[in-house]
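Which chain is which? They are A, B, C and D, in the order written, and residues in each are numbered from 1.
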Amino acid sequence: MKSSKLVSLSEAVSRLVPDGASVVMGCALEALIPFAAGHEMIRQKKKSLTLIGPISDILFDQLVGAGCVEKIRAAWVGNVITGSAYNFRRAVEGGNLKMEDHSNLTLAMALTAGAMGVPFMPARTALGSDLFRTNSGLKTITCPFTGNILTAIAALLPDVAVVHVQRADVFGNGHIWGNLGVTKEACLASRHVILTAEEIVDSQVITGDPNRVIVPGFRVSAVVHAPWGAHPSPVPGHYNRDHQAFIDYRNRSRTVDGFEEWKKMWVDPLRDSRTYPELLGKERVKALALKHHLPSVPVDYGY
Amino acid sequence: MTENYTLPQLMVAAAAREIADHEVVFVGMRLPLLGFLLAGSTHAPHAVGVYELGVVRDTLSPEPIMTMGDLPNLTGACWLADTIDIMSLLQKGLVDISFIGGAQVDRFGNLNTSYIGGFQSPATRLPGSGGACDLACLAKRHIIVMTHEKRRFKEKVDYITSPGYGDGAGWRERVGLPRGGPRAVITTLGVLRFDPMTCEMVLVSVRPGVSVETVSFHTGWPLKIAPDLSQTPAPTQAELAMIRRFDPEGYWTGSDKNL
Amino acid sequence: MKSSKLVSLSEAVSRLVPDGASVVMGCALEALIPFAAGHEMIRQKKKSLTLIGPISDILFDQLVGAGCVEKIRAAWVGNVITGSAYNFRRAVEGGNLKMEDHSNLTLAMALTAGAMGVPFMPARTALGSDLFRTNSGLKTITCPFTGNILTAIAALLPDVAVVHVQRADVFGNGHIWGNLGVTKEACLASRHVILTAEEIVDSQVITGDPNRVIVPGFRVSAVVHAPWGAHPSPVPGHYNRDHQAFIDYRNRSRTVDGFEEWKKMWVDPLRDSRTYPELLGKERVKALALKHHLPSVPVDYGY
Amino acid sequence: MTENYTLPQLMVAAAAREIADHEVVFVGMRLPLLGFLLAGSTHAPHAVGVYELGVVRDTLSPEPIMTMGDLPNLTGACWLADTIDIMSLLQKGLVDISFIGGAQVDRFGNLNTSYIGGFQSPATRLPGSGGACDLACLAKRHIIVMTHEKRRFKEKVDYITSPGYGDGAGWRERVGLPRGGPRAVITTLGVLRFDPMTCEMVLVSVRPGVSVETVSFHTGWPLKIAPDLSQTPAPTQAELAMIRRFDPEGYWTGSDKNL
């Protein structure tokens, strides 16, 4: 029989995210951001990581603040509803962080190239912009058919993709729904995939609807049970976005000391992701839970 | 005069007016998101909103949203898909209009949201492009929405995150951009458009109570003024009511803090 | 309010498939082949069509036999379980059909390029093959980053994609499940999309599960109610593959006269796509219907 | 000797033996499909099957299937996706083994499934590549399965649909192919492999009851014979029982008609 890939968050991160690894996260943009996994990287004091992702919405800022990051390859690093990411700003302005500037499209196409197994993708974006000056993975080429000037975007091939899903089986088959961002491309482009899942379910729930599988189990290296593992970002079917947490983080992270306080409160106490809902507290859990349930109409995979 | 609206409300209303019915709108964050919702609930009920997260919807969300990633924005969407699918609509030329904010802009509408003070040793690192560079390159037209200050309206931006008309007429074609360019700049002081011949920014309307001199004073180059300069229309009571419905806490439009 | 795009099959084909059009069909490969729409093109005596698709499994052969086709751009034209497509063979061997040879990957990437709005895509396939001699949309290029020799595949931009789906609303939002082939890329690459649907359903069924939508309604030009519209190919959730029909077709189409007989029996009698089940007969409908129903577990799109 | 198996059954068994446990197999149509099912139910229970339609599965379908598009092949799959997703696994080098049939093959394993007699005015137009060209270019290794006849085993094929080793050693690297090449040819008369130095086909086993002379006679070039030539193992009773389970009507393996 197939063997289970279910491990603890601590084991997944310690085995698959060595110092110096390149990690793609926050692939669904504002939703399903794997905060639990990122916080475990902070607890394990990872060093010299390269972070890859479209916008990250404060997760990258937290890893930068904790000193885990050497380089970021991203389109945007900030706090969606408040603006600046302060650790990120301090690090770049202090010359302590390498930056490769993408747009959302160049990043998506770079991961698509990695997923498809080609060394680059041609695009019509970014021409005339200064992204070419702060991203060595962009060059201009001429189309062999039309003569158009195009942007060639070098493939991104992360060491590991960390993806939060709603439900997964122990073999690594996971369901995701909602807006998908660059999740599929990131999984296929990466050497390893870690799934953190709100729920671990019977395999038949997953293989009973194979169109919702984001990446086949044989491409996944580890599955972790991490309820509320994407908080404060939203998880369709599970919980709403915790806007207040993003505002609180902005306020705390304005100073280095404030960030340390935030970290002491939200990252350090946890040794096992299963206790996160306790840390969050019953009231907040209740406030963020779905109030209106809208189940999809089933489809038939019979024969 | 006493104004019964905030500056963000004025800008949201002005942004909404740029959207025509049946258009495909690439919806951004903050004020442009509200502008799209306002247009869709007033003069442009058939406008389709596409969101870089991987969302297409042609109806209002069942509850107010703070950002496009909020769950009500997924409920009843007509497509939940990959970012590359949405960006491909843009790259193919199927997006009519989009909106971009910026920290710095020059007279040709080139925008900087990346580095203040040069990228080698920046004084300030801003969040970066997100989808803005793509919108500026690939939408049929885009609208710039930003605070009007001299330090932001610069003779030359420190870094081009999102190309406007480069150094003027013909530049976009020369660098290989397939279409588009900025159509208007909606600011805290008025609205500017671009001269079709020179591609330079021209002031076409000023906010009620603001003088042309004030606008010029806050602009970092000798500003061209349209001969038929008008007043930016204040938001109507109906528009204000609708904006308050979409931003019930006034997080975005209650004061000027989040511009 | 939004206006309905629901029209008859006859109207959709007559309005959106003019003589000389390029049409992509059979996008899910062996499943969901839009036979009803193809047969309507035969009844309307379309001329000089360019057909685009990965394998087509006898649909292209039928259109060639009926004299509708000037050119085929495909990876494979035949009958999956019996081999040769006889009308196609006769036409190519007689010099009466232009052929552009693809592989499944070059065709998928050509449509992907069309969907993404770029003029070509780089690939690592087909190098050293003679596809380059019978497909002017393939050239070799050098990667600007790695120096690798690559195949550049020119974008395909069909005039119209004809796609059979399980269920759609009248606004053009359609659900598809099962193996998807190149369906999404074909829809996004094409100027117009015609959906033929097993069922027309309330819009809330579709927008209640937006991850299953294959292409957003605003990109769709016409929706047609065509029950059993993909027979004899299989439709997940609705009916199994009718193997005997493919074998019968092979036997008939061995000769020109045999093909004409087949056409008289299966294409000519129909005037309305909704009456096809009658032609098929109750027994066959029953034999092909699903025997084992396996509904998916719903997911929640609430908030 | 009396054989209690058909030629297709022999070939299916030989194809199955090429698959190792835990491998990712790009599953084709006809005999290779049966070979994969046989391997998965005998020595390679952890093999993963990927199908160009957009299917990945690591369990047997709940009912016998005639072709990979049959609905039982979707039931319980671990991924239903786009063709480009499956082909991308291949292009990235994640597919260990695949199988291809052919109408013509030459000594370097180049295959033709497109045009007999030159593409300008072909005597016979065959169906074409399908995914075969991609498998031949991009799988880590591929296996050719075909009828052994002189008109098919040609000094030079009329058209290269699916590249083998071109004109010999070093050719694949020269044209830019990233990996792979044919590993074996399973025919109605025996099994051939490729000399690692010259990349030329070498007969390594013959079917029970067939002589080397017969194989040479049916080959269109002076055929190299392995010094340790053996006999192709006949399918075991257990293998035959399993093949009959997957092809209960004997459509593919009941006689030699569908080779």
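Everything below uses one rule, namely that a residue touches a chain if its C-beta (ideal position, glycine included) is under 8 Å from a C-beta of that chain, and two chains touch if they have at least 3 such contacts.
Predicted, not measured: the structure shown is a model, and the values here were computed from it.
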A-D compared against C-D, more contacting pairs: C-D
Centre-to-centre distance between chain C and chain A (centres being mean Cα positions), rounded to whole Å: 36
Rounded Å distance between chain B and chain D, as computed from the means of their C-alpha atoms: 57
Approximate Å spacing (C-alpha centroids) for the pair chain A, chain D: 40
Inter-chain centre distance, chain C versus chain D - centres from mean C-alpha coordinates, in Å: 28
Sites on chain D at which at least two other chains make contact: 62, 70-71, 74-75, 80-81, 84, 90-91, 138
Multi-partner residues of chain A (at least 2 other chains): 109, 116-118, 123-124, 148, 150, 177-178, 180, 184, 208, 211, 236, 240, 290, 292, 294, 301-303
Chain pairs that touch, as defined at the top of this document: A-B, A-C, A-D, B-C, C-D
For the chain A and chain C complex, residues of the former touching the latter: 109, 116-124, 137, 139, 141, 143-146, 148, 150, 152, 154, 166, 175, 177-178, 180, 205, 208-209, 211-212, 236-238, 240, 290-303
In the complex, chain B residues that touch chain C: 24, 46, 48, 56, 58-59, 62-63, 70-72, 74-81, 84-85, 88-94, 138
Chain A-facing residues of chain B, complex: 29, 51-55, 62, 66-71, 74-75, 80-84, 87, 90-91, 114-115, 119, 121-134, 136-138, 159-163, 166, 171-172, 175-178, 251
Complex contact set, residues of chain C against chain D: 28-31, 54-55, 74-78, 80-81, 83-85, 88-89, 92-93, 95, 99, 101-106, 108-109, 112, 123-131, 133-134, 140, 148-150, 177-185, 233-234, 236, 240-241, 243, 290, 292, 294
In the complex with chain B, residue positions of chain C that touch it: 2, 115-118, 171, 173, 184, 188, 204, 206-208, 210-211, 213, 215-219, 301-303
